[in-house]
Every structure is written in C-alpha cells, then in structure tokens.
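Note that the chains are named A, B, C and D in the order they appear, and that numbering of residues resets to 1 at the start of each chain.
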Amino acid sequence: MSTHDHFDPSRRAFLGATAGGTALTIAGLPSQALARINAPHDPEKLKETTEVFGFCDMCYWRCGLKIRSRDGRAVKIDGNPEHPNNWGVVCGKGNAGLMVAYAPNRLKHPMKRVGERGEGKWKPISWDEALETTAKELLKVKKKYGPQALALIGHGSWEKPYHRLAHAFGTPNTTSPVFGLCCGPRGLSNMMIMGRNLTGNETLDLENCKYFLMMGRNVTESLHNGETLGWVNGVANGAKVVYFDPRYSITASKADEYYAIRPLTDHAFLLAMINVVINEELYDKKFIAEYVVGFDELKQRVQKYTPEWAEPITEVPAKDIRRLAKEMAAKAPSVFVYSPRRLTRTSNDFGTGMSITILNTLFGVWGRKGGVFTPQKYKVPEIDLPEFEHATAHRIDSGGDFNYEQPEIPLAHIQDEEGKYHRADGAGVMGRWPIANPQYGLTNEMWRAMAEQKPYPIRALMTAGGNGFLNSTNYDIIRKALETVDFYVASDVIPNEMNMYADILLPEASYLERYDDLQVGGAREGYVAVRMPAMKPLHDTRDAWTICKQLADRMGLSAYFPHDSIKELLDDRLKKAGSSLAEIEKVGILKIPADPVKNFPLDHGGKLKIKTPGGSTKAELIPGMLKQMGFDKALDYVEQVRPNEDEFHMTFGRIGFHTHARTQDNVWTADLMRENVLWIHPEQAAKRGIKEGDLVKVSDRKGRSGEIKAKVTARIRKDTIFMVHGFGHWDKRMTTANGQGVADSNLASYAVDPHVGSMSMGLSLVKVEKV
Amino acid sequence: MNDTDQMICVREKKTIRLHWFNALCWLLLLASGFGIISGDFVRFAPTFWPELMQGLFGGNDNLVLAHIIVGISWVAVFVFFILFNFKGVVFPFLKKVLVLTPMAAFKDTWSMVVTLAHLFGLMKNTPVPPQGRYNGAQRLLGTMIIFCSLLIIVSGLYLFFGPQLLSFSENSFYGIIFRWALVGHASSVFLVIIGLIAHIYFALIEERESLEAMKSGNVSVEFIKHHNALWYEELKQEGKV
Amino acid sequence: MTKKYVMLADTIRCIDCKACVVACRAEWETPMGYSRDWVKQAEFVKEDGSPRVMLFPGRCQHCDEAPCIEACPSGAAYKREDGMVLQDNEICSGCELCVPACPYDARWLNPETNTISKCTFCQPRVDQGLQPACVQTCVGRALIFGDMNDPSSEVSQLLKEKTWVKLTTDEVNIGPNHYYYTAGEALPDEVMPKLHDRHLAGKVMENVVNPVGAIGIGAMLLTFVGAGVLKMIGRRNEVSTSENQEDK
Amino acid sequence: MALKPQLNYNEELETEYSRLFILAFPNKAVQPFASYWLESDHSLMGNSTLEIKHKMAEHGIEVAENSGLLPDHIVSELEFIAYLASQDDEKARQTQRQLLEQHCAHWMPLFIEALNKANPMPYYQLAADFLKQLIPSEMKES
C-alpha cells in the first residue's frame, strides 16, 4: 500500500480534502484499498500448427530449424534444440526468414530480358522456355569457346547443384565469395601451419575457454547463434575477454578490457605478442617439442617485433602487451586468439592470419579443452557420379557443404598437357595465386577475368544467389564483366543489382518451400541434417536441384543428376549412411554424440594428427611450402596506409539483424534498421559542424562517394569512420531497401593481398564533409 | 366540502406501466452498469459488486451485452411510447415539466428550496408558492432526467457500438470521444441518482399518496388542492373537479 | 501452490540481436510499427571519457500493482493468479485509458484488432507448457522465464545466485515482475519507468466524477435520512401531544 | 518511306505486364495481390490470402497448382467473382457481395490508383478503368 501512496498522491489528497467527513462512506463509496475485480476471463488459446525440420538460409552458419505451419503457410521459425549449430536458438534475421517467402518483391516467374542488359525490361516466360534457352546458350558458348568459357559464381546454401552442373559442363571456373572476399587468408593460415581449417562452423571450445584475445571478432554482431551462445556462455563462465577493435562494438561492451587499436595494425600487435611469448618462454614447451617445427627460426624472425616497437604502430601500450601475454599464458591452453571471421582488410591479411595461428599454436590450444576442438564428422557418402571432365574441377564435396581441403598445387601454365584449362581467376595456379583455394576460387579475380577476358575468354556467366556489386568492391570491373559476357543466367530468390543484368532470370523457391541437399557438418558431434519444405512454393519457382537437373538433362549431362527427384537423391545418400529420408524427416538431424576423447585428444592421452599441405606431420610455424615460393615474407609486418589529417580509415561491419546485402529488403529486418549511418567521433564531427542525423558526404581518394546520415558517437576512434555493411541498394525492384544508406562496398578498397589474391578492403581512406 | 373526498383519475394505465417499466430498467441498468466498470481508478461501486455481477454473467462481455440489451429495450419502449402518445401524453407532459427559461428555473428552484427547508423546519414563515401539475422540484428533476437520459442514451450507444463500428486506431478522435462518453455516461447517471433519492423519499415518506397515484392513477382532489394549487385551479376551470 | 511467473533478463548475456523482437512479431503477428517487446540500447560516456553500452531487453513488466488494470474501465486488463497481466480481447474496447497509465510504455492500440496489445508472457504458449517465444529464441540465453514459487525452477535458482534489480524509482515502484542483472552496474536513466500519467478523461472520472458523485449521493442520502428522522420525531411529538391531550 | 518495324505486340504486352505487376521497374510495384495492400508488412500470403483461399474452398474451388498464382492475385479474385456470378444460388451471391464489399473494395481502389500512377500501356489503362467501373457497379447490383 505504501508504494501506492507514492505513485498517486493526488488521489488521496483530493478525496481527503473534498470528502470533509467520513459519513459519506456509508453510501458504499469506493474504498481506498486497491481492490481488483476477480472476474471470469477466457484466456487466449495457442493455435494448432504442424512442424517440419529445416536449416536456416538467412546467413551461412545454417542453424537447425523447426518450422511451424498452419493452413498451408509457414507461420513461425523455431530453432531445433538438437542442432549443434544453434541449440534451439534463432536470431532476429532467422526469425525474419518468413519474410523471404512472403516478400512481395521476390522473384516469382522465370523471366527473359527484352531491353538492354541491366535496363530492367523483362517478359515472363515459361520454365520450359527459360531452361531451353539457357541450355542452348550455354551449349553455344561451349561449342565456340570450350567449356571453360563458363563461370559460375555461387553464394548460398543452394549453390551446390550449380557447382555440380558447372563441373559436369566441364569448367573449372566456379567460385564462391567466401574465400577471396571473406575468410580466405585466415583459413589458409591455419591450413598452411596446422593443416587444418577453422572457418565454416568454427571448432572453438568457447564454453570452456578462459581467455579470449579477440582481434575484432565481433561475435555479438557478426553473430552465428551457436558460436555466439557458446561465447556468451564462456563469458558467463568467467572467461576474460580482451577485445581489439577501432570501434566500441557490442562485443566491446562485454569485454573486460577494450583496446581501440589503430586500424590495420593487428599484425604488429600479434607479432609483439609472439615476441613476448617466445622471449619470456610463455609457450607450451611440451606441445612445441612434440608437435611443432620451425620454432627457432621463428624466434629469430620476431626478435625485432618488440612491444616497444608495436606500441607507436598499434597504440597499444607495450606494458599491456607484455601483461596480456603473461595473463594468457597463465590460462593456457584454455585460451585462444579469436580471429575475425572476415580477414580481408590489410595489405597483409595472410601474415595477420598466420600470427594468430602461431600464437594459438605456441599456447598449445589444439585439441585441448577450452581451446580448439577436433570435430567429428557424420559420414554421408556422396552419390556415385562419373568423373568430372576437368582435372582441377574435382571438387571434394563429401558433405552437403564444401570441403575446404587443399588439393595438390596444380601446374604452372594456363593450359595443362591434356589441353584443359586452369582456373581463369588464377586460384591454385602457379605464377598467379598458387595458394588460393581452387575449391572456392577468388571471386574478385574471376570478375576481373570476365571483364578483361584474360587469360582466356569467359563468355557465359551463371550466378546462384550472391550480389557481385555489394559483396565486392570494384563496381567498374563487375559492370564491365556483366556487360561483356555473351550470356548471363541468374537464379535467386530475391532481386538485386547483379541479377538485374541477367538474360534469363530463374526464380528459386525460398528455403521454406523446398528440399535441399543434406547438411553434413562437423562439430563436437558429427551430424547430418535435412531441409524439408514447410509449405508449397507460393509462386512459379523451383528448387536449385530441380533447376540444375533440368538444365543438365537439356545439355546431355543427365549422368551427373541421376535421380528423378531431390527426395530420391536424399534417400539414396541417407541409405548409404544407414538411414533414410523417412527416418531423418522425423527427427531433423542425425548425430554422433560428442566424444571428449576425440574432441580433446591431448587432454585424454591421445595424439594430434597433423598433415600440412607441405607434407609435414608437425605444425610448421614457418611453412616450408611458403618458403619455397618466397611467400614466407608474409610473416613480416608490412607498413599500412595512414590517413592524412583530414582523412579517416574506412571501416565497415555487420549488425546482428542483417546478413550481408541480402536482408535490407526483408520487411522485418528492415524494420529494425532501414538504413546504415556513418559513425564519427564527436571531436571530428564538431570540427566539420556535423550533428547527429546530419547528412554527410563520404568520399575516397578514387573519387567514389556517397551520402549518408551521421551518428556522432564516442564509440569510434578519431581517425576512423564506420558503417554497417550491405546497405545503399540501388535496384529499384528492392522497394524497401532501395536508396537507403550507402554501399560500403563502393567505398572499400579493391587492393589485393599480394600472397593470397584476396581483397584488402580496409585500405581505403575517406573524407567526410557535411552536405 | 364534498369534493375533498373526490378522487380523480390523473394518469392513464399505460403511463403508469411506463413509469414502472422505466423504474425497472433503471434498476437493472444501474445494477449491471455498476458491475461493468472495473478498474479501480474509474470504478464507483465497491469491488464485490462488479465481481458478483461479472461472475453471475460469466464475464464482463456478457454483462455488457445484458446492459446494452436492457438499455436498448428501455430506449425502444420509450421511443414507441412517444411515437404513439406524443399528442395525448408526451407533449402535454413535456410542456408542463420542462424548465427551459432562467426565470422558470429560478422560480422552480425557489419553490424547491422552500419545500426542502420546510422538511427541516426552516423558513416556516415563507409559504411554498402555489404549484402546477408538477411542483418546482419535480419540474427541475424531470428536466434534468430528460436531458441526462438523452446523454446517457447517446453516450451508451457510442460506448457499445463505437468500438465495434469504428476503427479506433485510424482516428484518435474516436478514442477521445469514447473516454469522454464514459465520463458523460457516468456523471449523468450520478445526477439522475441524486435526483432519484429525493424522488423516492418524497414518494415513500413524505407523500404516500403520490405513490398510490402511481399505482392506481387516482389522486384525491384534496391532495391536489393542497399541493398543486395552480393545477387545482386549472382542473376547476376545465370542470373536472 | 499458486504459480508466480517472472522474467529475468541477464543484461550481460544480451547482445541486442533483436531475436526476441522478431520472434514475438512472428508468434503474435503484430502489425508493423508496433512491438510487444524491445531491446533498449543505453549508450553513454563514462566519467573517465570511455564509451559504454548497456542493453536492456524489455516488455510488459507484469506489475503486482499494475496501473493499467486500475485504469481499465471494462476489466479487459486483468491479472491472472499466476501473475500474468493479460488483456481480454473480447472485452477491450480500445479506449486506450490504460496506455498512458503504463510507466514502461508496454501497451498500444493494435490497428488490426482495435484492441490493446501487450506482452502476455506468451500465456497461450506457457499454458501449453512451452516457453515464451522470446525466451525460446534468445541467442545469448539472456531471457529466463519461470515460476518463482517453485524453488527448483531455473528462475528461483538464478534469483538466489545473483543480485537482480528491477526497473523502479522512488516515484514509480509498482512491483514489476521483470528482473534485471547488470553485475552491479547502475541502471541508466533511459530504461527507468516514467511517472505514469492518465488521459484527462480518466483523471476527470477518477478525481471529479466519482468523488463528486459520491459526495452528491452521500449528501442527498444524508439530507433525506435526516429529513426522515426529523419527520419521525415530529410524528412522535404529534402522537404524544395528542395522547397528552386525550389524557387531559 | 519504310515503316518502322514494330515489336511483337504480345511481347510488348508481356514486357509491360512484367514491368507493372512482376518487377514494377522502375516504378514502385503495382502488386496484384490483395495481401500486399491489406497486410501491415505488405507481405504476401497473409491472413487476407487465407481468407480468400477458404472462401474459394467453401465453394469447392481452388487455384490450380501450376498456375503460379496465389488465391488473392487479382486474376484469381476476378475469376472467382466471375465464377460466383455464374452460379445461381443465394450462397454464391452472398459470397460475391461479401467479397466485393468487404474485401475488393478495400484494396482494388489502391491497386487501381497505383496502376494509374505507373503510366500503363493503353491495354492496362483500359483494364484499370474497367476494373474501376466494375467494382462499384458490381456492388450496386448485388
């Protein structure tokens, strides 16, 4: 009662003053006591739904889902609690997946271009005509220029059948942005040194880690449910978080220590850490002795990289570097240096990546609890297929996904002895980008090859999802490539700037309306998961496998798609793995239980199996293969660009509820954030007369520019600006996203890492002025 | 005089039935109405009442429905009565009872004050001015009840049908009207209740004969002569007494 | 034993991914522009000049002394025995008297149903033994929901383990059942409840119509009870006078 | 003087159809779905779509699976209305009236307005005008 007096003093005062006597209450006036009416009510009932299993397609982590449907319509996406990628949780964009299916702007019918390429004039055609035309045009190109004249760019979980179709067609030129535009240098670093790859669904024992040294791994905003939950659990379990980022992200807000490191200088900091760890003998001596070669040479090489050397470069105090190294060593091996997901920033991402791997190796985190675990794999054999015609195109897709294993380094010439072509983007080609992964290729270089028609003609392009413009950075090259090819066929669920150029547009069913090939993953548990349709396709759309199968049939490649339906394919694969489609449809996921002995062999008296691409059975701190090619110089620090007085480092990144450039037109995610804004430090803003919400012009040294609203915040360094990635769409078909914010990709650098061939997007320097 | 014992019929049976129908409706509407208003900030009745009523009707939605059914029946019966008896009963009644000018209001108030004062033994030397068919208090009460009833009907209809027929989210004005309709509905009901207390008191305690008149329709001429001198004159002129 | 449902929000585990917001939208088909739940980002600069961000997932706080219930004329807003503050759509007329009464801005007029919409703690789901949609989907498992009166429930355990705070001030302390954990950090002003307000009509109803009505009715009753008493005394006097006269 | 070669009329029409109703390029979409105009998030296959689907089911009809159309596509709805008009029972008349008054009247005027704004080719302009005429006149009749 006393609280009530607090919150409503007027009530009593009034009554008290006016009543003037207690006699009045005889009439049964309302008493002062807060008495509530206890009356009957009919509480709302939950509506009945049916459930199917699936996995998400809103980002590339692919969480396990249970999709509820009612009345022939998917109504809610829940997480599958059994799936190790997310343990039942689903993020905001995952929940907004419904709006992919129900989007008014999605591609609904096969279309044929009737105007100029890129002009946006189309007419609807039948599927038969669309597939017939595509097959005819592709075969025309094959006849005239050879099969290698087809390039395939995929981005999405539906891309697998397209890669198979392209390989069957005979081209080696299939690529996905994941390597050259995203994780390439970091995957390669681990691969070269440890013979292992840490991208995909990260194999980090986050829950048990005691010390996260996070190099801009913004795990809360560039979020993957299982990974983020694991990290949050780790933090809740008492792990120390030391976070480095020029921007105070949400991850920074969770950190025990936050360093606003100077952009592009992570490598310098890491080298200084290595220096301290080695010189102060903080490394895991037993692990080094048993599993590592090249320690002494490394010791020599890092002598010059003292914390005092790093301090002015990174603006991280030398004493802190020493302290962090010691703190970390004290908690080792339940520690790790947490690499950023996308490592395509500096002019030496490969060196940065290798420093991270080296530090982790020095702390002996491999195969240890709280460190890096060894995943298990559910063995689901691929279907039996004829050999792919082209030697380097043999893709090891043992899972439902791609395998990142490095095949042998191929020959040095564009054309090999058998008259077959090497990749046009130069990935895995001696003399060009020999260490780049030819499974994924270098998407950026593929665009260049198309635009310049070098080293040989690429005359046909097929894209499966993706958006070349907003995921790459050199618009001129991409535009030229799209205008140069003879034939471009695009398949996707949503319209975007890239598929605007297509000659034939193939609309795909959304991931809620179709089956797809299996998801075979490796976590502590091995697993295989299924995607089932939660409803019939709303529009005249087809799933990727069916499109590819029907194209294959029309190009005489039926042998590569031997099944009559995707369901038959799934059943065939699952039967080989001792299960069946009917069985997996009941549970959604089949798993091999987690096994500490296999996941953490070094904690259980086991051994670590290492095989590096260089053939070593020990971790190579300075990979021999790189030395042969002279690429070991990547280990050394390379001076990075610095902005002039009036310039800024241009940085960009993710936010938890948008994925790349794919969700800005999704009504539900757009409702959370419709346009991106430019983060600028209050001092710099004041200097330019910029206030919160003002429109500002950002322009780089190349003369590219954009107009965007300002967010004035102390959460960013004075020499840096930031914007969220994926905005600034100009495709008029994207009615929600069109014209909202600025495309960071049009301001990011398109320099190339000299060793890997991946992009160095962070080298761009920009000016900001009030409009 | 002989005519003092004479009873004359002043009301038709239908009017009497209407009065008691009206009374019954009021009883039901007050009982259900006070049961509907629930929240402590807006509720007048003590908690047990809405609890009892809403429990009895299995939820407030049903109670509201009952309230509006009684309310509409009440209005409907009145409307029919007025339509069919406008000339015979309603118009003369309105003519006699409505207080529409300030002068009339002053006169009626004065006579009401004197009447009330007499109850408490005050102003004994001031006589109540001679009254017509309806005395000052009755005329004031009648006028008030007529206007309050109109407000109650209009606001009640809006309170029930407004939310069903209008999209409140489209125009914030609809909600504003609703909230003020609630205020209007409640305050006019209170005004009527206040009047009714006097009405019932006089009928039950002071002037039992008038209650009888509302049962049988007959009043003694003596009573009229005493209470409604002007009316008596009128009746005399008309030759009814 | 009766249940008492509470929601815990561990702000340390919240990452502002809006999963709760979108899950709620999908589960209850809330129209665009409205949401039953939210995440507030409090961004400020600390005394030492360094930036700070705190995250507060929020929704109806299902208060013990919920002013929305008191403001609702029709009883559509009600509190169930298990602590849930619910809205009966059958009864609600959408008059919005409850809207400004809520210090947490948890109520809004749904343009599709024209009734008041708010967080129900996912009562239809909870009644079926499920977790609220926001809790089920919460990526950092920052939201924990359950029965506080069950000592073995996760919420009971957590309430014992850590020090939780509620969003209350000296002015507004109405017994919210939504707890927050900030590891001891002070609550920023942005997330604190506003001194609740009411529509003018509601205030007039409460402070003028009802009291004046009460006074009026009371005064009338007093007057006429008094008059009745006087009359009875008068009669008795008359009777006794006449008796006296007869005696004489 | 040679005549200017004309585009195939059908192709022109098809292109215009896709410009207006499928891509709506470069204008804003003239979405031919009721759901788009009636749902707050402009999503397709909303509750309004289901209502139509159920209405159709009540009369024993459904949209052919291979038509690529949703039940609340303008073509499906108009066909449904035509079907109802061809039926000679009270229930069909009632449904038709309901459909026109409580459904079509809420979105078709918006659709027509958007179509007019998109400067359609004469063929679709005519269709828009016809539709405009049809809606109120049908309502008057029934």
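Of note:
Criterion: a contact is a pair of C-beta atoms (placed from the backbone, for glycine too) under 8 Å apart; a residue touches a chain by one contact, two chains touch by 3 or more.
What you see is a predicted model; the values in this text were computed from it and never measured.
Between the chains A-C lie more C-beta contact pairs than between any other two chains. Here the CA centre of subunit A is 76 Å from the CA centre of subunit B. One finds 39 Å separating the Cα centroids of subunit B and subunit C.
Averaging C-alpha coordinates per chain places the centre of subunit B 57 Å away from that of subunit D. Computed from the mean C-alpha positions, the centre of subunit C lies at a distance of 46 Å from the centre of subunit D. Multi-chain contact residues, meaning those touching two or more other chains, occur in subunit D at positions 41. Within subunit B, the positions touching two or more other chains are listed as 38, 40, 43-44, 50, 54, 59-60. In subunit C, the residues that touch at least two other chains are 32-33, 67, 69-70, 75, 88, 90-91, 111, 206, 210, 212, 214, 217, 221. Two chains count as a pair here when they touch; such pairs are A-B, A-C, A-D, B-C, C-D. Interface of subunit B with subunit C (complex): residues 36-44, 50, 54, 59-61, 64, 116, 119-121, 159, 162-163, 167-170, 175-176, 178-180, 182-183, 186-187, 190-191, 193-194, 197-198, 201, 205-206.
Residues of subunit D that touch subunit C in their complex: 40-41, 47. Subunit D makes touch with subunit A in their complex at residues 11, 14-15, 17-19, 22-29, 31, 33, 36, 41-46, 50, 53, 65, 68, 70. If you check the complex, the residues on subunit A that touch subunit C are 3-4, 6-7, 10-11, 14-15, 18-19, 23-27, 29-30, 34, 36-37, 39, 41-46, 75-79, 88-96, 98, 220-221, 223, 225, 228-229, 232-233, 235-236, 248, 250, 252-254, 258, 656-657, 667-669, 671-672, 713-715. Contact residues on subunit A toward subunit D in their complex (touch as defined above): 71-73, 98-99, 101-105, 108-109, 111, 114-115, 120-124, 495, 536, 538-540, 667-668, 671, 732-733, 735.
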